[in-house]
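What follows is a single structure, written as structure tokens, with notes after it.
Labels run A, B and C following the written order; every chain starts at residue 1.
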Amino acid sequence: MKQQERPKILVFSTEKISDPAIDMAGLLKLHYPPTVYTITVPCSSGIKPRWIMHAFEKGFDGVFIAADGTDCPYGESCTDKTARVVQMTQQMMQEKGLEPARLKMAAICSVCSEPFVRQMKAFTEYLSRDGN
Amino acid sequence: MRKKIGVYICHCGVNISDTIDVEHVREVISREEGVVLAKDVMFACADSSQKEIIEDIRREGLDGLVIASCSPKLHLFTFRSVAERAGLNPYNYVQVNIREQGSWAHSDNKEGATRKAIRMVRAGVARVARSEALEKTRISAVNAVAVIGAGVAGMRAALELANMGTRVFLIEREHFVGGRTAQWGDLFTTEETGKQIVGRLYESVRGNENVTLFTGAEVVKKEGNIGDFHLEVRIRPRYVRQPCDPEELQKAIDVCPVEVEDEFNFGLTRRKAIYRNYESEYPRAAAIDEKACTRCGECEKVCAAVDLGQKEEKISLNVGAIILTTGFDPYEPQPGEFGYGEIERVVTLQQFHRLLEMNREKLLFRGKEVRSIAYIYCVGSRECAANEKCKGTHKYCSRYCCTSAIHSALTARKKFGDLTVYHINRGIRTYGKQEVLYEQSCQAGDLYLQFYEDSFPEVSRNGSGPVIRVRDFLTAGRELEITPDLLVLVTGMEPRREDHIGDLMKVPRGRDHFYNEIHMKLKPVETVIDGVLIAGSCQGPKNITESVKSALSAASKAHYTLRKGELALEPVLAEVDREKCVWCDECTDACPFDAIQPVEYKGKKVASVIQANCKGCGMCLPVCPQNAIELAGYTDEEIESMIDALAEDL
Amino acid sequence: MNTMNKGSYDALVIGGGIAGEEAALNLANMGYRVLMVEKDYSIGGKMIHLSKVFPTLDCAACITTPKVSEVARHPNISLYTYSEVKEVKKTGERDFHVKVVRKPRYVIEELCTGCEECERVCPVVVNDQYQWDLVGRKAVFIPFSIANPRVAAIDIDHCVLCGLCEKVCPAGAIDFTQKAVEETLTVRTVIVATGYRLFDPLRIPRYGFGRFPNVITSMQMERQLAPTRPYNTVLRPGDGKVPDNIAYVLCTGSRDHTVGNPICSQVCCMYSIKQAQLIMGALPMADVTIYYLHIRAFGKGFCEFYQQAKGMGVEFVKGKIARITEKENGNLILRYEDIESGKVREAEHDLVILSVGVLSNDEITSVFRGDTLETDEYRFIRQKEELSSPALTSIRGVFVAGAASGPMDIPDSIMSAGAASSEAAAYLTGDRK
């Protein structure tokens, strides 16, 4: 049974922008693996690298940041700042011997349900191939 | 840690329970530490369930509430209010979305969905156990607004605020109000002239006890934040008291030995150091141009109202919000740009508007009658790299100039009879109802020629007049030569060249260098500096109607923010651990809202969050090398305990 | 019809599009009690159906749904959807008597959870008006996925009364006995935010809309590009082929005396340029040609956006389309006067999009009794003092917001709604004093 529960993905999603898209994926019954879990934050540029590292430590195989992109209600700098979070974390991952590709980021707009599901499927597939 | 947590798992009819084994989830969760009550309900949102939950909270003395149902987008506020009604802090409530992100997303995998639901509810329990009771902070706010710039946008914003019951200080840098609109003559869509509108608004401003107008005044210092700004305003003396006898004033103007370029007429005329721009100008008192005046004292001798002993004043204002309506500058062509400044009979659109107003029977320019006019459009606008003639950086369209130019041609025809008019343009942009002007002008016999993006008209000299050579797109590239009596350069709008106020307010500028709003549609008059709003053409080119609309929008926002005399701040705010902070300054750079400032703490400098400015975005969290900042409701403890619960094996 | 007296509100906002929402929220935030009446099943207006918005290309739903939900849950706003204002009569300063008819949706709004069980069993399929007839929907249906309220409604004209939905509804929300109810209310000010109509291209037969399946409107393309789109990609309706040579015909129904609309619609150039950019993103191999008279790229960031489209390879041809004809393979021949060369030319495209213009939506004027809500020569609500008080109408206390007073893009509509709300608030303040 445990076998089926891999790979596990943690999604950091944002309250106003990517959450609605993920909700709508459910609404439209666009299936994705139930091993994808979501934690909501106000803005993707406020995710601490230590949270991501904590997820890897606790056994998540991949972390996905569903970023606000240009739709961010807190302003234009969000995209750059989120990218910096990813960069910082990937550096920490490398130091710990974790493959940086296990952390992914993509802009998910509030109705981007299909892209979200596509991302989840592809990421799951990638992480499975990765030997999990 | 909260130890008396109640958990409700919703069937949502069959929407959840068809896929998720709700009973199983309930059973697993009931064994979780801290959970004293776990129920499943048919519809958690139903009135009967809400009552049941309230009773449970009260009876069991619950200190945490978790409802696993649909998306928080639908019912977060419903259940927060349930908690509140039961006497529980709404932030000790957590909603777990096992429908949109559970049963519906995984209706193809019942077992998987049930396992996911268990983990999600556990994470909810973990979070609520560590949740803090948060309260909305209330800070007092001054129900007063400083409106900076008394053009048509500023005056309208001031009046509307005053009418809604907010106190207004209207601060104008010049000695006279009206801004650019006062310089305009006839206007499109109304019979009123720019001066008439200005006069009407001025009288209303003066008659309104809620508005205080300062002219010759500039904000020199700004402190504080939304709800409580402190401004220092410097008021320059006008050296002329009111009332002032008109005959004496005329004498004073006559005796003044100093002559300078008249900015009001865009340099077409000259004026004295003691001046009024036009007869009926508001305020209806002359002023002395401080910079030009030599203090010779001649005027003082003939006019009792003149008082060269007046001193500069400084006043302090306390306001809750600031609206910037500082307007624009017309584009000033480079020397030689389409002959400007080198060929005598070349003027800008703004100068032409002044000519139209100043001339009575005949359209005269430098003593010679004008019977033919050529306009070259987009001077200083839509400048592109594609054309080497276009060295400027104004990529934007100035929006008002097509209509304004065409309207000036129609006005000229109406006032001075039949003229020959050439519009040498790059595609006419009379959008919306302004289209009818373009049509009227075509019918009146105006000729339209369009130049190519990569070949601009060439202007050379023929005596004192211009010769224009243009390749016309509309006639398959025919080369044409035009020798009008007057060439009008249709010059667009530029951000104010002299703009210390923008720097003082720290208002960001866009790519076009006009002030930038946070979001064109969501927050169109708000800036990232909370409490500082922008309106009118300081935000980008706009015509009068559009400027007024944005001014009234800003008035509306400012009013509803301040009207209660206090601001309720969302409790999701960043908080700095002062022990850990070493003031590296990273967080101030990351914060787009200017919400972090240094303070002294135990002999060291540490960061401190200005609650009134913090939006709770969390951008400061990841940049702190000391991990000294936490966001309420999203603390390390809460997030990491959720991760633990989600990662846990079943 | 039953008539019920429903008390009083400070403000009545007619229309739940972006302008009405902005005006209602401003007033509600000032502490006024607002009634919003929307004739459609959901608020959100036209904007909620758009793909992305120019010139920032942010997603229309991301911008509009937060406002929509704020309206829906604001304690000071009462929302009547699927309801129509039937009468507004000014009886004194700050005193208007209003009649509103709440039409039956045959679904009890409070009970419906939006689970879609009813849709699954309904045997009737008709054109889906929210996808501009590109696909079908059931007779009982949730208007669209991001509708608010997101509850079902029964299209009684097409319902066969089989009762299947009633049987399957887990919430017992279906109610065939619902009847229209008329309510009378008093309000102290009225904001008209009734928006606009789109030009119906059937009125220009030489463009072949309605006869040639591969001639569609810009709103149909808008739906094809939206994330909640009906097909999974952009395709032409005639045969489902993915188009690779697309034409836009600007000024369809605008700047055209022959259809009685001489003015410019202000948004078509920009939305067409936006769609062209989105098409190039979705179908990288496709060619897009825009036939135009003048490009009206006048607003903040618009001109840069136009240049961006050119840079991406969108073709711009200055010329008026004389006629469109169809070839056997469904492709279309556009005959046009090419202004640059001065010659009449023909070009073949496999999909033609008519960039339809904005017309007034002046039905609302007929509900005003006593005082007349005046319109201008284009039948938009007349602005009494357009320059200095753009929200004033011919009736004191009635204000206009958004495209009800003339063509307007989204930022301008929002600004105009802001103006209407502050003028209305100032008018109401007189009341409080």
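In this section, a contact is a pair of C-beta atoms (placed from the backbone, for glycine too) under 8 Å apart; a residue touches a chain by one contact, two chains touch by 3 or more.
As the structure is a prediction and not an experimental result, all values here were calculated from the model.
**Q** Quick one: label the inter-chain contact graph as line, ring, star, complete or other.
**A** Drawn as a graph, the chains make a fully connected set, so complete.
**Q** Which one chain sits nearest the middle, judging by mean Cα positions?
**A** B
**Q** Can you work out the whole-Å distance between the CA centroids of subunit A and subunit C?
**A** So the centre of subunit A lies 35 Å away from the centre of subunit C.
**Q** Taking each chain's centre as its mean C-alpha position, how far apart are subunit B and subunit C in Å?
**A** Subunit B and subunit C have C-alpha centres separated by 26 Å.
**Q** Counting only residues that touch at least two other chains, what does the list for subunit B look like?
**A** 73, 519, 522
**Q** Indicate the residues of subunit A shared as contacts by at least two other chains.
**A** 20, 24, 27, 73
**Q** Would you please write down the residue numbers of subunit C that are in contact with two or more other chains?
**A** Residue numbers touching two or more other chains: 56, 58, 63, 66.
**Q** If we count contacts the way the header does, which residues on subunit C are in touch with subunit A in the complex?
**A** Residues 56-59, 61-63, 65-66, 145-146, 226-228, 232.
**Q** Taking the complex as given, what residues does subunit B use to touch subunit A?
**A** Within the complex, subunit B contacts subunit A at residues 71-73, 97, 99-109, 112-113, 115-116, 119-120, 123, 518-519, 522, 528, 572, 590, 592, 615-623, 627, 631, 634, 636, 639-640, 642-644, 646-647, 649.
**Q** Residue numbers of subunit A touching subunit B in their complex, please.
**A** It comes out as residues 2, 4-5, 8, 10, 19-20, 22-27, 29-35, 37-43, 45-51, 54-55, 58-60, 73-75, 77-78, 81, 84-85, 88.
**Q** Sort out for me which residues of subunit B touch subunit C in the complex.
**A** Those in contact with subunit C are residues 12-15, 43, 70, 73, 77, 152, 156, 160, 163-165, 187, 189-190, 192, 197, 200-201, 381-382, 384, 395-397, 399, 427-436, 439, 473-477, 510-512, 514, 519-522, 524-525, 539-541, 544-546, 548-550, 552-557, 559-560, 563-564.
**Q** Considering the complex alone, what residue numbers of subunit C touch subunit B?
**A** 26, 29-31, 53, 56, 58, 63, 66-67, 69, 73, 113, 115, 170-171, 255, 262-266, 294-304, 307, 318, 339-342, 376, 378, 385-391, 406-408, 410-412, 414-419, 421-423, 425-426, 429-430, 432
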